[in-house]
């Protein structure tokens, strides 16, 4: 395999991306424990890439430099809509949950947020939409420009802890591990986003594959999804070992092992499910339209869960709904 | 207005200027530096140019060297090499040693290293700076720099030599010695020389012909052949007589203009 | 070894050098430029320094001007202003016009604008460059630049003037005129002048006293008073006689060294 | 006259204009204003045309999908639609205002720092090397400190910008001062310029070309730091070019990204024109204009 | 001798050494080697001590909580623990290797581009201004193009680095060439140097100081671009300084961030020392050393 994706004979290379991040636990563990390698077999060469942020991963998929990647819901939607539904397909979920609104200790009700500043990772991203929609439901107005009853401050996650500590913001609606960090900095959870969703499930990481690769090497994608299912199995059955693996694997990439305590702290808020919870993505998009952050976009055809269901069936697990 | 002077024997010509005019700048601040200068230098002829400060002597040499373009008129040169020009300032390359500076024209002519080294040593001996080859220009005195520039120009080995006050910063004795050296090289190599000087005696000592330029704009106002047999001495009465004549004419010219 | 010469009348002294030595560089490449020079210049005295190329004349002026530190010996100056030094090169500021260059020392002395303008115009008239005030140095001829440098040095109004071949790039006539101007200013302002030249006649024309430096290392080898009454003419026989005497001694010195 | 015997032809205008442009000084004597403007413009137009054409050809070749590499037409449409809305202009105004303030401040700091270090042996030994080291520090490294000191205010952005640009400007000053011709320094001192006056009358003007070069480099540093720094304080009340650059990437919106890049390039070109004019003025004064092809 | 009547005292060594260091050229004649090294070292040590002391004082003052602003002790401990492990060294080696390759390549491109633009009037009119404009383009804007052209390879990193550094180096070359003294150009031409030879024998050496200044600025650009570009391709088992910088910030690990910054500063200092040595060698040759305090 190369970017031409020709279905010819010979060894295929699968270029797989992921982030050295706790919400990408199945990917990190699957790589570290050799699960993907085992599932893909000798006929497939696994070429691993790691990213720090979504845009690079999407750029890589778009330009044909990457075949599949673990990624958050937001870049997924962007990739799908900007390529007019061409570039990518979601073939599996990976993780759910792990998002919360953490605020200063004094704040215990939505009403107290009036006039306060709440940080989100990025204007118009999942968390940004979630906080705005939630506030709207509580009768608090927000504006894109950061005005309204509650001031929304989109900023890089890296900055959130600094600004929270320095008092420049009063709370933040962020994913793990930033939730745990904010809690350690004296914050209190005001809203656990899981509570807002049916079954307490909403997508935080899923696995996407470039359409071209999917067409050229469906068999490889199938094996990849099998690997994902097996990785989740590992993560869910041997959490201690998984946590340790995450810590060391991240250390190799970033230069310093991730604090095991932090992983353990964040762990319970996350759920590693194979279901991409398609409904949550759709609902999130509807919410975004409601808070006037985006135009309605069709997500028809984004999901291709055939392989996931095959893999789940083979593993003796319940299948998921193909939207 | 065109002032003309031709080489004595109407044979071939090494340098031919005809109606050369040079204007610097544009509009109201334009300066007419040369106005219709016509002048032929015969091969092997030694021509000295004298004239008041700012009358266009350096301009003329620059034009002949092809470093500047005349505003009018034509300049012809025998052979296809540009003449060697010794500038009024030493114009040494500060990043090179004395040897390095003298070596540049030899390198540009792709002489082999051994020959270059030999030529450089010889030239430095000619200008009495054999001990200073490894110094850098900023470590030299003014007169020494001028002599390095002379050596560098001589290294060019061009048949036509243009020299702009080459001995201006030298004491009388060193100058005398270099007069002899220059005369020797000139006759050995059959050079044509166009030599600018303020020292009228020097002109009379060296020249076959002395040409006097008027003050701005530069025009040829006087030309005289120096028929004193060589070798000459700068303090000989014949030289003094010629010098006195030229000085007198120069005095009239500057007096007319200077005040 | 110390060579000494004192000002004629043992009155006060404008410049006093005693046993001044200057070594450039270190170790094996060290050059002894001056070796035990002792010299007093009386107030109002005009002293000319002559000597072969590279004998240390510029070095001496730099030391007196305080731009460099002697390696040995002491230099004393009357008054507390540094002497004005006219460098061997014009050393004009290329970013300023001719007027701007001459104005710098006046600005540094905080003269009011009107007075500055007047002084600049006057000085440019003195050096015969009244029309060139708005030009930039690169638009001038070599001799013109030298005259601007002269005007700038005169603008300093210091009681002691050090001049390093100030008229080297000038034609004889312009030089004659400037000799007169310099002499006038010198006597009007009662200046003490230390004047380096290669032109022995010029020295005899201007000096109260001529001092001859030996070739490297520079030592005072001869000193003579010029008692010709002023005004003098450069082509007068008295001047020629003195010049011949100094030339003869210079010739011996250079001859001893030069070859 | 015996010039007919000359072996070389006379140096005519035609011959000389055949020489390398470099070889002849002061050529464009008689050239009209219009011709001069045209001579400066056509190469730019040609370069632009070639670039756009090449781009279009690559797009037509289908080498990469259009969502990955949009064509000039699409980007042009995006740019026009951006230009019609207020967002681009608001962002541009905000960014330019910040750039101006930040740059002026950086220039002041950089010039003072450069002069101080160039002037004092002790300071140079102490922090001279630190200046280059600081220059190499990426902007994001300063973000935490900026927030610590200035919280989420515009000042935090300026802090990052100044830390990015000032060292570069200071380095320009130092290198300029180091290469002031010693003769001019001596002349200045002899004319009575000491201490600050020596700087004012000799060193600063003599070092001006290098200082302008440093200011130009400093502009690039300050602008790049600003693009990064604008993410520090996003969307509180206004959008900015830096934010648009990042958002367009975050949204994988290639046409928007490219049109933002074009805006940045245009700003860069305008600023370069200003520096170019300054530089040309200095070169004209110094008499080094027109020697090497411009 | 009448020197006792002089109103000013003799110019003694003591008097002169009281003057501004700037005023006297060639002072350190007789100073021993040890003393010279000490003179260059103590201000650095003093600056370092003052900086660390001030930092410690701020920390002690309790102005900010220690997790926000850790003290020098804590950062020192972190640095030591980093230095004991392999990750820092691996990252440093990776980054330095990339920096070296990228910089050499940038320098080559920048020098050629600069010479070409400086030499040709048409090229200058066409793309001269583009160079500064390119310089102002933030690295992240090039990421999509880098990935498009080179996929996720090291080449993509080099692409970003070269686009960051080469324009800056080219600008240094252009400004150097523009200010070559016309007299030297004319002398070179008269000595027979035309075309490339003129560049080799006159223009390049005459422009060397400006070129070195440009190379120095280019280093800063390339390093900063590299720090950003290294995030493009993070190997799964290969860390880099750029990755460490970003991740330490992402994790709000202040001691780690600060220790990484210290490593970057040290690299910057070492590189500056190299440039400083080159610059000093040039200045010694040109005879402009020791005039302004160093």
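Chains here go by letter, A, B, C, D and E, matching the order in which they are written, and residues are numbered from 1 within each.
Just so we're on the same page, a contact is a pair of C-beta atoms (placed from the backbone, for glycine too) under 8 Å apart; a residue touches a chain by one contact, two chains touch by 3 or more.
By chain, UniProt protein names: B, C = Sulfate ABC transporter ATP-binding protein; D, E = ABC transporter permease.
These numbers come from a predicted model, not from an experiment.
Inter-chain contacts peak for the pair D-E, counting C-beta pairs in contact. Greatest Cα centroid separation from chain C: this falls to A. Computed from the mean C-alpha positions, the centre of chain B lies at a distance of 45 Å from the centre of chain D. Centre-to-centre separation of chain A and chain D, using mean CA positions: 41 Å. Inter-chain centre distance (chain B to chain C, centres taken as mean C-alpha positions): 27 Å. Multi-chain contact residues of chain B, defined as those touching 2 or more other chains: 67, 89, 138-139. Multi-chain contact residues of chain D, defined as those touching 2 or more other chains: 25, 64, 68-69, 143-144, 148, 182, 189, 249, 254, 286-287. Shared interface positions of chain A, defined as residues touching 2 or more other chains, are 55, 59, 62-64, 158, 162, 166.
On the side of chain D, the complex with chain A involves touching residues 64-65, 67-69, 143-144, 147-148, 151-152, 231-238, 247, 249-254.
Across the interface of their complex, chain E is touched by residues 62, 65, 67, 81-82, 84-85, 87, 89, 91, 93-96, 104-105, 107-109, 136-139, 152, 156 of chain B.
Of all residues in chain E, those touching chain B in their complex are 183-184, 186-193, 197, 201-202, 205-206, 208, 282, 285-287. By the touch criterion given at the top, residues 20-23, 25, 39-44, 46-47, 64, 68-69, 118-141, 143-144, 148, 167-168, 171-172, 175, 177-182, 185, 189, 194-195, 198, 203, 209-210, 212-214, 216-217, 219-221, 223-224, 227-228, 242, 245-246, 249, 254, 257, 260-261, 264-269, 271-273, 275-276, 279, 283, 286-288, 291-294 of chain D touch chain E in their complex. Taken together, the chain A residues at the contact with chain E in this complex read 3, 15, 20, 31, 48-53, 55-56, 59-60, 62-66, 157-158, 161-162, 165-166, 177, 181, 185, 249, 251-256, 258.
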